[in-house]
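Inspection log for the structure reproduced underneath, given as structure tokens.
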Amino acid sequence: MAKIKVAILGATGMVGQRFIEALIDHPFFEVGALVASAKREGGKYVETDRWRLETPLPENIGEMKLVAPDAEKVVSSGVRIAFSALPSDVATELETDLAKSGVAVFSNTASHRMDSEVPLIVPEVNYETIDMIVGKKGYIVTNANCSTTGLVLPLKVVQPLGIKRVFVATYQAISGAGYPGVPSLDILANVIPYIGKEEEKMQIESKKILGVYDSSARTVRDADFEVHASCVRIPAVDGHLEAVEVEVEKPRSEKEVVELFESFESPDVVKGLPTAPVKPVIYRHEPDRPQHRYDVNAGEPAKSAWGMAVSVGRVRVIENYIRFVVISHNTRRGAAPGSVLNAELAHKKGYL
Amino acid sequence: MAKIKVAILGATGMVGQRFIEALIDHPFFEVGALVASAKREGGKYVETDRWRLETPLPENIGEMKLVAPDAEKVVSSGVRIAFSALPSDVATELETDLAKSGVAVFSNTASHRMDSEVPLIVPEVNYETIDMIVGKKGYIVTNANCSTTGLVLPLKVVQPLGIKRVFVATYQAISGAGYPGVPSLDILANVIPYIGKEEEKMQIESKKILGVYDSSARTVRDADFEVHASCVRIPAVDGHLEAVEVEVEKPRSEKEVVELFESFESPDVVKGLPTAPVKPVIYRHEPDRPQHRYDVNAGEPAKSAWGMAVSVGRVRVIENYIRFVVISHNTRRGAAPGSVLNAELAHKKGYL
Amino acid sequence: MAKIKVAILGATGMVGQRFIEALIDHPFFEVGALVASAKREGGKYVETDRWRLETPLPENIGEMKLVAPDAEKVVSSGVRIAFSALPSDVATELETDLAKSGVAVFSNTASHRMDSEVPLIVPEVNYETIDMIVGKKGYIVTNANCSTTGLVLPLKVVQPLGIKRVFVATYQAISGAGYPGVPSLDILANVIPYIGKEEEKMQIESKKILGVYDSSARTVRDADFEVHASCVRIPAVDGHLEAVEVEVEKPRSEKEVVELFESFESPDVVKGLPTAPVKPVIYRHEPDRPQHRYDVNAGEPAKSAWGMAVSVGRVRVIENYIRFVVISHNTRRGAAPGSVLNAELAHKKGYL
Amino acid sequence: MAKIKVAILGATGMVGQRFIEALIDHPFFEVGALVASAKREGGKYVETDRWRLETPLPENIGEMKLVAPDAEKVVSSGVRIAFSALPSDVATELETDLAKSGVAVFSNTASHRMDSEVPLIVPEVNYETIDMIVGKKGYIVTNANCSTTGLVLPLKVVQPLGIKRVFVATYQAISGAGYPGVPSLDILANVIPYIGKEEEKMQIESKKILGVYDSSARTVRDADFEVHASCVRIPAVDGHLEAVEVEVEKPRSEKEVVELFESFESPDVVKGLPTAPVKPVIYRHEPDRPQHRYDVNAGEPAKSAWGMAVSVGRVRVIENYIRFVVISHNTRRGAAPGSVLNAELAHKKGYL
């Protein structure tokens, strides 16, 4: 069967590169257009000299000519899907225009995440909300901010205990800021206890993702707990580690909470999707895990699922407070392949 | 006036080195004995080849012969004070023996911190408890664990608002683990979300330091809030940064909380001590401070006060939850010079 | 066909772990014994808690019981081959004893590298010397020190120009020092311009590997150039980069030298071995490559060949001086899989 | 006596900041104008928010208004001296214009270093060449590139042995690239074996600085040895370490070479200048020194001389090849205070 042609918007940035990597040998999708800033239009991708991944740039991708961020030009390249890794200021309008033109936009950008008619999906958490697009040809589906994604997966696991409030302190890798991103003078043997807008995103996105979906009205009612975040950049390359404390209504023992994490499973509709990991949440029993070094690329079985599982460890319970540590890959689970997984979900549901 | 002779117990470790550094040209104290493990007895300090500070090892210290960790030998070196940077297992007995022999022990070790008759002092927070040793010739005075010290100074500032509970996530430098300490393979471009016993120490020590001192009974009643800590090692050389959230009874606006930090002053008895900083808590208004790079050595005016001030920033308030970030120097404020400051307090009070 | 059972000597160290990784699903060999220090005898491998690779420890390996470093015990485990990652002091005797007992020892240890009857092999450079073991059942075959390996591959390429002298400055990753290895306080945001015995090893091993093999006498005459090395540890995890200057007798233009690198091929007998990369030397044309980040794991096509190619770049020629930069994976190409490749060569030649 | 007013050209960059730091409480000079890009004209220095040093920005400097890089405006600020830390493209013309207007320009920029009438001075190496400006009111005096400076000081020491050729491999800190400079994704746990134009600068500048000065013609004849450099960026904050091999005509033993380093002294005219270190070259006998961690700020006695001494270690001799390692502070010795030292020399000679 012919593969579905997709555009990558913002193809030269760090997340754009992760989209390219995620689509190498993809069974459903193939890259049909690479969209970058207007000034690069017509140049070869390889000539932008921006590739910053260990996975080598596929030669055929390197030879592709760049398309300007113009809805008409993107549409005329014949794509059915646009994966968006655009800066927010450019994304707002272009994504809207593409959706109006009948393109299915799967976006990693913040612009439309909180729009009431736009689903914000982490499939293992709230796959149901994909139905918000039923009946539309063009639409926008968003995935969450990288640090939100790493948080909502374990929160989903403990949500049955009744989440009252969440405090989270992050340890976020430099790749989250793109390239050139964080100057080395600011981060070498140092941390930066501030990431613009990140704490606010974690707060509002988590509540939408863990909210209640009304399938008849096709709307989401936000969850009613608060997330108090403290976001810090640290000198690691990839991966956001988070130290979390959750205040719950129904306390459980450490053993019971660990069992919740270990028994958590993907919904059936997500199982078997090419980019879905067999186990979306892995519990580590070692006293000093998870860590960036060993756990950031977790995800089985295929290479396409690498970095798609989050790893949790160090569950500690005091009364109705549960502490744990979680790590997720910020530019895989929390960005491009996370968006690809949403498109695979739409594909399975027949919405493409 | 003749200076008071002091011994440094555990002189070859990272904290022992910071004691030596803190005592260079000290107006009250001078090094009279360097105590290391028995197997090094009689060797010159310089020959241990352990010096790991940028401040050069003073030549006269390098030439001193090491003394074994034996109370009698230490006493016979004629010291009035022993500064202790011993491993806990060795410290418990030796510190007790020295105190019994009439030596004033100022200890950075955890062994006796929680003993009911031993004061645990961060002078700007609870200088009054130094009176617990009144009338004794030999005694033990302890300072807090490095990450506790960085926490209780800002907590003292907000304590008038009624602390109900504290959550703290730490970003702790490698020097806190001593030398050789953390293997580079474990921490380069990585973090380790576990530091043995650290979370427990923060919990119990904070409550003692911020407790109520009964001056007639000379006892301390623990504060009644809980500290939930999540301790993480990060790749910085010196300095423990902490992301803190405090739940208080009497909420204040961000502006008011910042004013509390800015108006906090040292108690009169502490002011002017050689190792005391003019301002023990510095508030940074920049959105991305404090940081290890710029703030870890804060402390004015003299070189002896470098690294003795803690820096606070990023106050954010939601209802009755106050978030902020604090950094302190773990082997200066949180270790050796912190202990020297306690001895200076005892000196001023006439207890030496 | 049944696989050949092998022992791994020094199985818990960094190189030992790389042996285990290199033998996962190996077509010829399978792990039959894991040898560690006597005090660990009988314990399960997984319980040593030493695994420090991102590749997860295979479960069946984790469950294996450790064998003491005793020739008789190793022999009685029924292995034909012993891969050695032992510390030199233990290796000298045990490797000799095993060889005498008829075991084929492929060693990454320095102990016997310079023995006149022991081949020191980097297959693409001097595969012929494997014939030194013809007719023996038990023997020792060594591979080179990690930094030597990265040097002799590009030197082989320019050897036809007549090497008069070599100066090399290294940028060596921390994994080369094993675990716990380099203390983080020594290397974070720092370099250490000294690695014990490393400069001497590069000097003597290079001359043996690039020497002249007398196939009738089965002896090697050392090459007659000198290698002047300056070895420095730097804060990268894996990979030794080397800045090299070679003084040659027959100067060539930059273009010609680059062509030499690009046209270099594996000898036929090495081609197609499971751990052999298709191209053992890759030339990078980018002005700022090779780098640890992108090039350390180079090697095609199979996962078993990852990290087995060295990458060269920045050829510059002034008169008869050729400068270039090379990087190789110190615990793959320069250690365990390098040794496995030697065993594959012996297997192909029928010496096993 | 009134201090001499100076302008700092390029005051907001990393080197500009080091100029400000070097002039705090300077006995001869005081900051009279801060020059930045035209678009910042009129704004306060502190508002540029570029300060990246641990030394706090002096308040009075922070309040100064920025001047545009226009010769007339700089001259009208009443300065006698201009210290230049400009980008090369801006520097070429502005420095020339200022000199023509009678200003003494001391420049850290490369633009005019190789001009035949412009002295290129590292005072302990070639202070005599300051006489090239005798009789002029306006002139340009340059100091060397940071990595050249660290090289020529030890080369001066061994120059009596007859230098035939030099090979040098560098380990250069990130601050050398300014701010924002090196992206953290490019350097964290990595090295970059390329720094644009750096190798060429080391080659040509070294030969001019170590050349022969003809005092009657006031010209310099270049030294006739070649410098072959291989420049590499490494993840340290400040300090350029260099592994050097010098081929000499008159070989000496290791002991003799070490004695040369230990007995090297500043010329009398340099001794006692405020920014001059007592010993410009320090020899370290430890096997693993010098290192960035401990040696980069070497320099006695005053704070103004910190980072002005270079540290040498690891002398090894094979025949007529001398290897050693040297470290120097790239933005102190190799930049701003290095330039200030040249101005102090001119001041002492009465050329201001």
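We just call them A, B, C and D in the order they show up, numbering each chain from 1.
Throughout what follows, a residue touches a chain if its C-beta (ideal position, glycine included) is under 8 Å from a C-beta of that chain, and two chains touch if they have at least 3 such contacts.
Owing to the predicted nature of the structure, the values given are computational and were not obtained by experimental measurement.
Chains touching both chain A and chain C: B, D.
Ranked by separation of Cα centres from chain C, the top chain is B.
Inter-chain spacing, taken between the CA centroids of chain A and chain B, is 42 Å.
Centroids built from CA atoms put chain D at 48 Å from chain A.
Here the spacing of chain C and chain D, counted between their Cα centres, is 42 Å. Multi-chain contact residues of chain C (touching two or more other chains) are listed as 186, 188-189, 235-237, 293. By the touch criterion stated above, chain C contacts chain B in their complex at residues 14, 52, 174-175, 179-189, 235-237.
Interface residues of chain B, counted against chain A in their complex, comprise 167, 169, 171, 186, 189-194, 199, 226, 228, 230, 232, 234-237, 241, 243, 245, 287-293, 313-314, 316, 318, 321, 323, 325. Across the complex, chain C meets chain A through its residues 54, 188-189, 293-294, 297.
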